[in-house]
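In the two assemblies presented below, subunit A is common to both, partnered first by subunit B and then by subunit C.
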Partner chain A sequence: MVDVQLSDAEKIYILHGIQDNCREDGRSCEDYRHLEIESNVVSNTTGSARVRLANTEILVGVKAEMGNPAPEKPDKGRLEFFVDCSANATPQFEGRGGEELATEISNLLSRSYDCPSCFDLSSLCVLPGQQCWILYIDVLLLECGGNLFDASSIAVKAALFNTRIPKVTVREDEGHTELEISDDPYDVQRLNVQSVPCIVTLSKIGHSHVVDASQREEACCLARLMIGVTEKGTITAMKKEGSGSLDPASVEDMMETGKKVGQDINISLTCVLKMEERQGVKRQTIGFLR
Partner chain B sequence: MAGLELLSDQGFRIDGRRPHELRKIQCRLGIFKQADGSAYIEQGNTKVLAAVYGPHEIRGSRGKALHDKVLVNCQYSMATFSTGERKRRPRGDRKSQEMTMHLKQTFDAAIQTALYPRSQIDIFVEVLQSDGGNYCASVNAATLAVIDAGIPMKDYVCACSASFVSDTPIVDISYLEESSGGPELIVATLPKSEQIVFLEQNSRLHEDNLSKVLDLAVKGTKDVHHVLDQAVREHVSQVSAFENTDQS
Partner chain C sequence: MRGEIESNMAVDIRLAGTRETTKRAVPDEIANLVTPGDVITSDTGFMRGHGTYMEDDKLHTSVAGVVERVNKLICVKPVKTRYNGEVGDVVIGRIIEVGQRRWKVETHSKLDSILMLSSVNLPGGELRRRSEEDEKMMRHYLKEGDLISAEVQSVFSDGALSLHTRSLKYGKLGQGTLLQVSPSLVKRRKTHFHHLPCGASMILGNNGYIWLCPTVSEETGTETGGYDQDLQPVTKGDRQTVARLRNCILAQAAHGMMLFDTGILYTYEASLKYPVKDIMKPEVMTEIIEITNHRQEVEGS
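On to the complex of A and B.
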């Protein structure tokens, strides 16, 4: 993560504030910062979304391509995650500097989505054993303001909700099959993202834990727990990160908070995305022209 | 491409423009607070973000420090979803490295490098959506970002591309016009003095037509300069209005 230099006095100030459930910007320990979401910002993708969580800015593009399914899962499509940390965020990400962070984020995302009940991969199958849709989900980190994992997962969910895959008709023609991909922009297949997980990062600061840590709070925390939570409260992936150690009792507490916060954020996200979709073509795409 | 007319009989291009018309340019300065300077530009369907960090101490090897001028370090990167066909790697391939060198060369000529010896200025360009004119949009976005960072330059650097189709020079070519195989001339100038900072030409162009196409491209850069200047003045007036409210 991007390093912020903090003095001991500042760290103690943040610690004491969190003990009293009042963080440096006035939030409680379970509040998220101001979150902005916009879909359909990049036109030559199958689906895209832009998320701004206070200072963190993430852009996700989903491209659907036809390909071969994995040999051990012939009737399922594939999801391929790729995260790119742009040098715009910090000069340390120049060249291959951001690769470590990018690998961590993409690995956690693929593990969260690996659960069979959260995303139905068989809806991406076209011809079992031969052709399927492969969704290339590309995450671009443009600015780092803390809590990159949560913002990335929210952006991925929004982009998948926005994805419109063209319908494929299979025709049997004298022994060999022909696939016809529809050109009609309205003849599309939407994805069911009802049970798709969102990652919630809980940072342990002092004796309590906080959700959505800002960069300064991240500099004070020694251990972090990231969990992928679906709308129903199912945990699909969990990862502990950081040099500090966690007591099993704290892990249970953090998981409970994470489940509660995760369910709330999934429900609010679905609500906002449906509201955005209802605005239809009248919605003006602002993108970065704010 | 069979059946695809780049210039119709009535004088309209594929996207409905006239030969001398630029694509719609929309830009914003100061979109990211973490970078010293940042800018976003949309030229038609090409969207580019630029961020500038510096001047600051040389990162990495001290051996690269120049004793009499600033080191301009650029990076050109394309998002994997920016092109029609998905790109496997955002940067590090030959095309991106070449673009990086071109950007460095362009800004070395425009920034007043003698003011910051032994320091480094980073210019990072990220292409979010690519529809032709990537270099031009990158240069224009980087100019705005350098201005937003408050780094002194000799003049704006404005870039524009031009081509020659059906005996007519056309300006600001899109991806379809680029990939049709016609000649492509890219020029970056310092508009006030009409000095050319960067010039590149691809494919075949007869030398009799060169001056027509070059003139149109230079005129294109002047038009781009007009738009960028408007944007900078608007941004400065908004920012100074915020800061002067208690003095008025």
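On to the complex of A and C.
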């Protein structure tokens, strides 16, 4: 995690605030900050999205490439997550500084997507055992304002929703097969992201837990639980992080909150993405200008 | 505890396209606004000041900002900058290192500032020679991460600042919230310490750091230089006032408004009809800023 330094008195102020259910910015423990999303921001990707959550800015690009399927799963495509922490976000990421965080995020993303019911990898298969689509999902962290895991997962989901893979036709020709990739930009295959999970991070601060912790709150938190939640409330992955320990009862509590908030996120995200799609090609790209 | 929250949108996701691009009324007087690389003048009779460079006998700007001319000297005052300290400024800083007879303080300036052991008041307001004992106790007074309010005592030749806290109004800060805004939004004024009528105190640091805390009543003595800290829980009412002020100040900063006490109070009053957390929503933000702007025009402040 990205560290900020706080004095003892500031930490106590934050801690008591969370006990009172009134955080530094007036949110209650289960409130998310205002989130801004835009998809199709990078033209040379198969799908892309940008998410801004307070000061956290994340750009995700999806690139589809043809490749060989894994030998143990011949009829399935693959997702490859790669996270890059830009040193623009914080000088701490300079050199190899961001690598640890990057692997953590990409590992958790691939773990929460590694569930047969949440993402249908067989739709990425072109020729069983020979050719499949591999989706390279690149997450770029441009600014840090806390809650990087949740924001990345939301951006990934939006980018996958935006992904349009060209249709491929397989032709048998005198014993050898030929693949033909359609060059019509409208003859595309969409991905079903209906039950793709979003990550919800619950930070235990004092005796309560909060969602969407700001950087300052993260500095007060000793143990956090990250869970991947689908629209139906299924938990697909779970990870505990931090030096503190968690009581089984509070883990259950946190899972309940996480499920509830996760469902909310998924539902409003899908709703917003569909709204954006209805605007069609007339939509103006906003990008990073403010 | 959880039942009392009204669950109006726990998650608020928006499209970037639906964001209203607020057209700020740009006064005509900043006509000399420049961006890096712009040619200011090709007249060679001028002197090159801060934020400018010479190329092909022409004076170019190296920052985005406003051109200012004093006789033959041309400088560009940047819109977004790190803090350039001047003697007498009130600043807020965070201790980042305890060293030999000095603390290193982060004040959002280009170089870390320095607070000498000889320029602090020791606990109890004692004025005496600093002994070796005091030197050993330095981390006991101020340790890494602590926030202080201080005044700029002098500026070194490389631009680094030397701070002092030799007045009981300066010193270590207790419970409250720190905000960071652009240093260009805080003007140098007569007073930077404000006890607002809404029940909170505010320190507007010239370096763009703003400290908000619940007002402590006089008899308990705020003027201890901050060495005795009150770590009792703050009441929920006070907490909400501070949170509301925080969101109001950030709203003003987001709209590029100068920050001073009356303006902040106007925004605070305009925001009272909304719950605290709603002030972070862009449309509410724009509305309360418009009300504030209007009121400032009417009252001519």
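Note that in this section the second predicted complex is superposed on the first by the 290 of 290 C-alpha atoms of A that agree within 3 Å, B and C clash if a C-alpha of one lies under 4 Å from a C-alpha of the other, contacts with A are read in each partner's own complex, and residues count from 1 in each chain.
Rule of thumb we're sticking to: a contact is a pair of C-beta atoms (placed from the backbone, for glycine too) under 8 Å apart; a residue touches a chain by one contact, two chains touch by 3 or more.
Treat the numbers as computed from the prediction; the structure is a model and nothing was measured.
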item: Superposed partners subunit B and subunit C on subunit A - clash or fit; value: clash
item: Contacts of A:P69 with subunit B and subunit C, given as first, second, both or neither; value: neither
item: Which of subunit B and subunit C A:P91 touches, first, second, both or neither; value: first
item: Partner chain in contact with A:G146 - subunit B first, subunit C second, else both or neither; value: neither
item: Touching partner for A:G228 - first (subunit B), second (subunit C), both, neither; value: neither
item: Partner chain in contact with A:G258 - subunit B first, subunit C second, else both or neither; value: neither
item: Superposed model, subunit A: greater residue contact from subunit B or subunit C; value: C
item: Which superposed partner A:G77 touches (first subunit B, second subunit C, both, neither); value: neither
item: Which superposed partner A:E36 touches (first subunit B, second subunit C, both, neither); value: second
item: Common ground on subunit A, meaning residues reached by subunit C in one complex and by subunit B in the other; value: none
item: Sites on subunit A touched by subunit C in the complex; value: 5-10, 12-13, 16-17, 19-38, 50, 52, 154, 208, 261, 264-265, 268-269, 272, 275-276, 279, 283-284, 286
item: Partner subunit A, residues of subunit B touching it in the complex; value: 26, 28, 31-35, 38, 40, 42, 45, 47, 49-51, 53, 59, 73, 75, 77, 79-84, 86, 90-92, 122, 124, 126, 128-129, 131
item: Touch list for subunit C against partner subunit A, complex; value: 1-2, 4-5, 10-17, 19, 94, 96, 144-147, 173-178, 229, 231, 233-234, 236, 239-240, 243-244, 246-247, 275-277, 279-282
item: Subunit A residues touching subunit B - in the complex, by the definition given at the top; value: 42-45, 48, 55, 57, 59, 61-63, 65, 82, 84, 86-91, 94-96, 136, 138, 140, 142-145, 287-290
